[in-house]
Amino acid sequence: MIERGHRGRAALSTLVLVVVALLWLGPYAWMTLTSLRTLPEIIAAPAYPLPSSFQLGAYREVLESVPVGRYFLNTLAMALTIAFLQMALALPAGYALAKLHFVGKRAAFALVLACLLIPAQVTFVPVFTMLGAAGLVNTFGALVLPFGASALGTFLVRQALLSVPDEIIEAARMDGAGELTIIYGLLAPMIRPTLASLFLFSFVFHYSDYFWPLVMTTDDSVRTLPLAVALLREQGTGVRWHIVMAGNVMLSVPVLVVFAVAQRQILRAVTARA
Amino acid sequence: MRPRSPLHPYLMLAPTALVFGLFFLYPLALALHHSFYAWDLLTPPTYVGLRNYRSLISSGELAGTVGRTLSYSAVVVSLSVTLGLALAVALDRPGRLYAFVRASVFSAYVVSWVAVALLWMWILDADAGLLTVVLRKLHLPTRSWLGDPDVALTTLALVSVWKITGYSMVIFLAGLQDVPRSLHEAAALDGAGPWQRFFHVTWPTLRPSAAFVGTTSLILSFQAFDVVRVMTQGGPVKATTIFVYAIYEDVFVNLRVGRASALIVVFFALLLGLTGLQLWAFRRASGARKGTA
Amino acid sequence: MKRLPRRDALRALAGSIGAALAPSGSAGCARRAPDGRVEASLWFAYGGNNRKVLLALVEQFHAAQDRFRIHATYQGDYFEALAKLRTSLAAHAGPTLTHVIGEVVPYLAEAGVLEPMEPFLDGAGRDSLDLVPALAQDRGFVGGDARPLVALPFNRSTPIAYYNKTLFQDLGLTPPTTWDELRLVASRATTRDGRWGFECPIDWWFWLALVGQAGGSLIGADGAPTLGGESGVRALELWQTMVHQDRSMKPPPGRDYNAWQVANTDFLSGRAAMIWTSTAFLRYLEDNAPFPVGAARLPRGVRASVPTGGTLFVMPRGRPRLEQEAAFAFLRWMMAPAQANAWATRTGYIPVSRAGIAELEASGYYRDHPSDRIALDQLACAEPWPWSPDLFRIEREAVQPRLEEAVLTGKAARAVLDEARRVAVEP
C-alpha cells in the first residue's frame, strides 16, 4: 500500500494505540489495584494510583464470607454441562436439517432461526412458574435444562455439515454404520473446529450468566459466582469497593485465562468462519 | 439425502424441539395467557381482560420503556458500529503489540456483564471514582454519572459500548481482509486521497459487516439487563428502566405478573419486528457475509 | 482457601450436583444436617458487620443445644431478599425462616402465607416473650395485638441523627431539635469546598418521620391513604428547600440502600457533617470514623415522631413441622435477654427484650454508651404501622419513586403527592 505522510501517520497510530490501550486495559489495572487496598485507604484517599502497600485483606474477606470454591465449581459445572448438552443436541438436529429430506424441514429451520433471536429474559416468568410447579426451582436442572438446546449451535452445525459431501455419508451407510454412529463418530470429528467454537462460545456465555441464576436460585447450593460477586456489594453499611473488586478479579481471571489460551477459537466462533 | 427411516429426522430433532417447545414456545403462550390476569404469585389470579395493556399505555409506562430502550439502543448501536470500525481500521496492523491491544479490546466482550458493571460503577463513583478524580485534577466539570437522571442512561449505554465494541471491531477486521488490495492501490495511483479510498473502496465491502454488527448489537442492547440491575436498578427515577429490567421489576419487585406478561408480549412482538428488520438488512447486504447472531 | 485434594473436590462437585438436582420442597420430610440435627433454613439480608454478628449468634445457638441447626443464606438487601422470598413462596421453594420489613408483614399475613406462631409457645401467651411492645407486632402495628401472632421483632430501629462531634465543636454547633434549627445548622456546616451540612437518603422512612413531625399520618381514619395530606407536602418541601434553596443538604445518589451506603461513606470521610440514618449503623460508624461520632434524636416539627424500622422474623407456611420447630426454637432463643442484648449492643439496633433492657440499664451500659440510648428513648414517640396490606405497595409503587423525583428534579411537591395518592388507590 502506498503510504503518504508516513511519519505523521505512524505518530497518529501510536497515539491511538496508547489511548485505546489505556481505555481498555486501564480499568482492569484499576480494578486490581483497588482490590489490594484497605478500607481506610479507600475512604480517605482513593485516588492515589498505588496503594501504600499491597494488602490481601480484601481477598481474605471475600474467601471468608463467600464459598468461592464452591460457587466456582457450581458455575463451572453448569457452564460445562450446558456446553456439552448443546453440542450433543445440535449435532443430530443440524444433521437432519442439513442432510435429510423430510416434511416440514423448512418450517423446522425457520423455527430454529426464530429461536436464535429470542432471549431468555422473555421467557423467564412462565419458565419460573413452570419450574416452580415442578419443584425444580433452585436446582441444577433449573440452571441447565432451559439451555439444553442452542439455536445458534444448531444453525452452525447445519452450515458446517452442508459442506460435507453426501458420498461420505452414503459410504458409511453402506458399510452398515447406524445413523448415530455416523453423526457422532464420523461427522463430529470432521467438523471439530465448528464444535470447538460452539463449545467455547457457549461455555463463556453461560459461565458469565447473571440473569438466569439470579432468577432461578435461592440459596448457595447452586448459586453461581457472578451472582455471588454481585452480592458482595452488601449495601447498607459502607463502601466495600476493595472487597467487591477482589471478588471481581476472582470472577474475571478464569475467563480471561481461557480467552488468552483459546483466543483464536473464540474469535472464530464470533466471526463464524469455520 | 433420503433418511434411512422416515422417523429419523423427527427423532433427531426431537430433543431440540422438546427444549424449545418446553422452554420457549410454551412459556410464551403462558405469558400471553397471564397477560389477561392480575396475579401476585401468592394469591389466585383474577381475570382482568385488557386492563394490563390499557394501564401500560395510559400510565405512559409502555411509551416510556420503549422510548428509553430505543434511545439506549441508538447510542449503543451507533457507537459500537462507528467505534468498532474506527478501531478495526486503526489497529489493523501487523505486530505483537497491535495484536495485544486488539485482544485487550475484545477481552471486554468475553468477561461477564457483572464484572464490567461493578468495575465501571467503581470508576464512575461520583466521589471517589477514578473518572471523577481525573476530571477534578484536570479542572473539568464532573457529574454524578449514575445518579443524575439526565445522564444515567447514556452512561449505561457508554459502558455497554465499552464492553461490546471489541465484538464489532473483530467483525470489521475480518471484513477488512476482504477488501481487495489491488483496488486500493489502483485508487491511490489515480490520485484518490485516503478518505476517498475509504469511502469508495473500503466501505462498500464493509457494508454487510456493518449491517450485521448493527442488527446484532441492536438485539443485544434490547436484551440488556445485567448492567442495569447491577449499576442503577432502574433508577434514578426510572431513567434506566429499559425493557427487560421493567419486566423483571414488575415480577420480582412489584409482583404484578399480569402486567409483566403484557410487557413480555409487547417485547416479543417488537423483537419479532426486529427479526424482520434483520432479515431485510441481510438481504440487502446480498448475502456477502454468512453471519450468525 | 486450602487447596482441595482432587478427589475431595470431585466428590464435593458430585455432591453438590446431586444435592442440587434433587427437587426442593419435598413436603413432610424435614431437612437434616449431616450431623443428624433437624435443619431449618434462614434467609437473611444483613450485610457487613451485622451479618457477622448474626452468623456468630447462629453458631452460638448450635453450641447451646443439640437438636437443631440453622442454615443461614445471605440473599441481598431487604428488597432483594423480599423479592426472592415472594417468588420462592409461589414456587414452593421458600425458607423455613426469614425476616422482612415491617411494612410488608400485613400483606404477607393477609395473603395467608405466614405461619401463626402462638401454637409454638406451648400454651404460654404471647406476653410470655416479654418483648418491648412498640417493637413487637402488638404495638408496632395498629391493632397488631388483635391479630394472630405471625412476626417476632429482631433488628428493630428508629432513624437517628449522627453528627461529627469534632466539626460541630469547631463550629460551635449543637444538634438541632427543631426543623428551623435543622436548616440553620445545616447551612452553617456547609462549606463551599464540598462539605455538606446535612445528608439524608431520600427514602420513604425518613419522609414518614417528617410527616409525623409535621403532624400528619400516612393513612386516614377511614383506611384511605392520605399520604399525610398537608403534612406530607410540608415534609417533602423541607427536603426540596434544603437541597435546592439552602443548598445545605445532599441527597445521596443510588437506589434504595445504595443511597444509605453513600450517606454513611460521606459521613465517615467528613464530606457530610450530619446525616440521618438508622440506629443500626451506630457500631459501624463509631468503629470506622476517624472522629468522635455523636448521635441525637430527630428534630421535632409540631411534634416529635419517628417510624420504627428494621425487620421482623416470620415463618412462611408450608414447611415441615419439625423444621418450623427448629426455627421457632432459634427465635425463642434470640428473643431471650442475653441474645437480644448481644445483638443490640454489637450492632446498634434496639434490644427487643424488656428484661434485657433492664439488665443493660442496671449494669450501667447506657451510661457508658449514651448513643445507644437515643433510639430507645425515641420509642416514646414512635408511630405504629397501620395494618394495611397495601402498605408495602404504597411505599414501593406510589411514594418512593415520587420522592426521588420531587427532590432530584424539584417538581412541585403537592403535584407529586397528589399523583402518588392517585396511584395508591388504584388497584
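Note that the chains are named A, B and C in the order they appear, and that numbering of residues resets to 1 at the start of each chain.
Note that in this section contacts are C-beta pairs under 8 Å (C-beta built on N, C-alpha and C of every residue); 3 or more make two chains touch, one makes a residue touch a chain.
Treat the numbers as computed from the prediction; the structure is a model and nothing was measured.
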Task: Please identify which chain has its centre, taken as the mean of its CA atoms, farthest from the centre of subunit B.
output: C
Query: Chain pair with the most contact pairs?
result: A-B
Message: Quick check: how many Å separate the C-alpha centres of subunit A and subunit C?
response: 38
Message: Roughly how far is subunit A from subunit B, centre to centre by C-alpha average, rounded to an integer in Å?
response: 16
Query: Counting only residues that touch at least 2 other chains, which ones in subunit A make the list?
result: 128-129, 233, 239
- line: Touching at least 2 other chains, the residues of subunit C are 84, 87, 90, 256, 258, 265, 269
Query: Counting only residues that touch at least 2 other chains, which ones in subunit B make the list?
result: 41, 251-252
- line: Given the complex, residues on subunit A that touch subunit C span 39-40, 43-44, 63, 65, 68-70, 73-74, 77, 128-129, 131-141, 218-222, 231, 233-240
Task: Over in the complex, which subunit C residues touch subunit B? Could you list them?
output: 79, 83-84, 86-87, 89-90, 108, 111-113, 253-256, 258, 262, 265-266, 269, 271, 393, 396-397, 401, 404-405, 408-409, 427
- request: Give every residue of subunit A touching subunit B within the complex, in rising order.
  value: 1-2, 4, 13, 16-17, 20-21, 23-25, 27-28, 30-31, 34, 42, 46-47, 89-90, 92-93, 95-97, 99-102, 105, 108, 111-112, 114-119, 121-130, 145-146, 148-149, 151-152, 154-156, 159, 166, 169-170, 173, 179, 183, 204, 207-211, 214-215, 226-227, 229-230, 233, 239, 241, 244-245, 248, 251-252, 255-256, 259-260, 263, 266-267, 270-273
Statement: subunit B residues touching subunit C in their complex are 38, 40-43, 126-127, 144, 146-149, 232-238, 251-255
Contact footprint of subunit A on subunit B as seen in their complex: 1-4, 6, 8-13, 15-20, 22-24, 26-31, 34, 41, 87, 90-91, 93, 97-98, 101, 103-108, 110-115, 118-120, 122-123, 125, 128-130, 133, 162, 166-167, 170-171, 174, 181, 184-185, 188-189, 194, 219, 223, 225-226, 229-230, 244, 247-248, 251-252, 257, 260-261, 264, 267-268, 271, 274-275, 278, 290-293
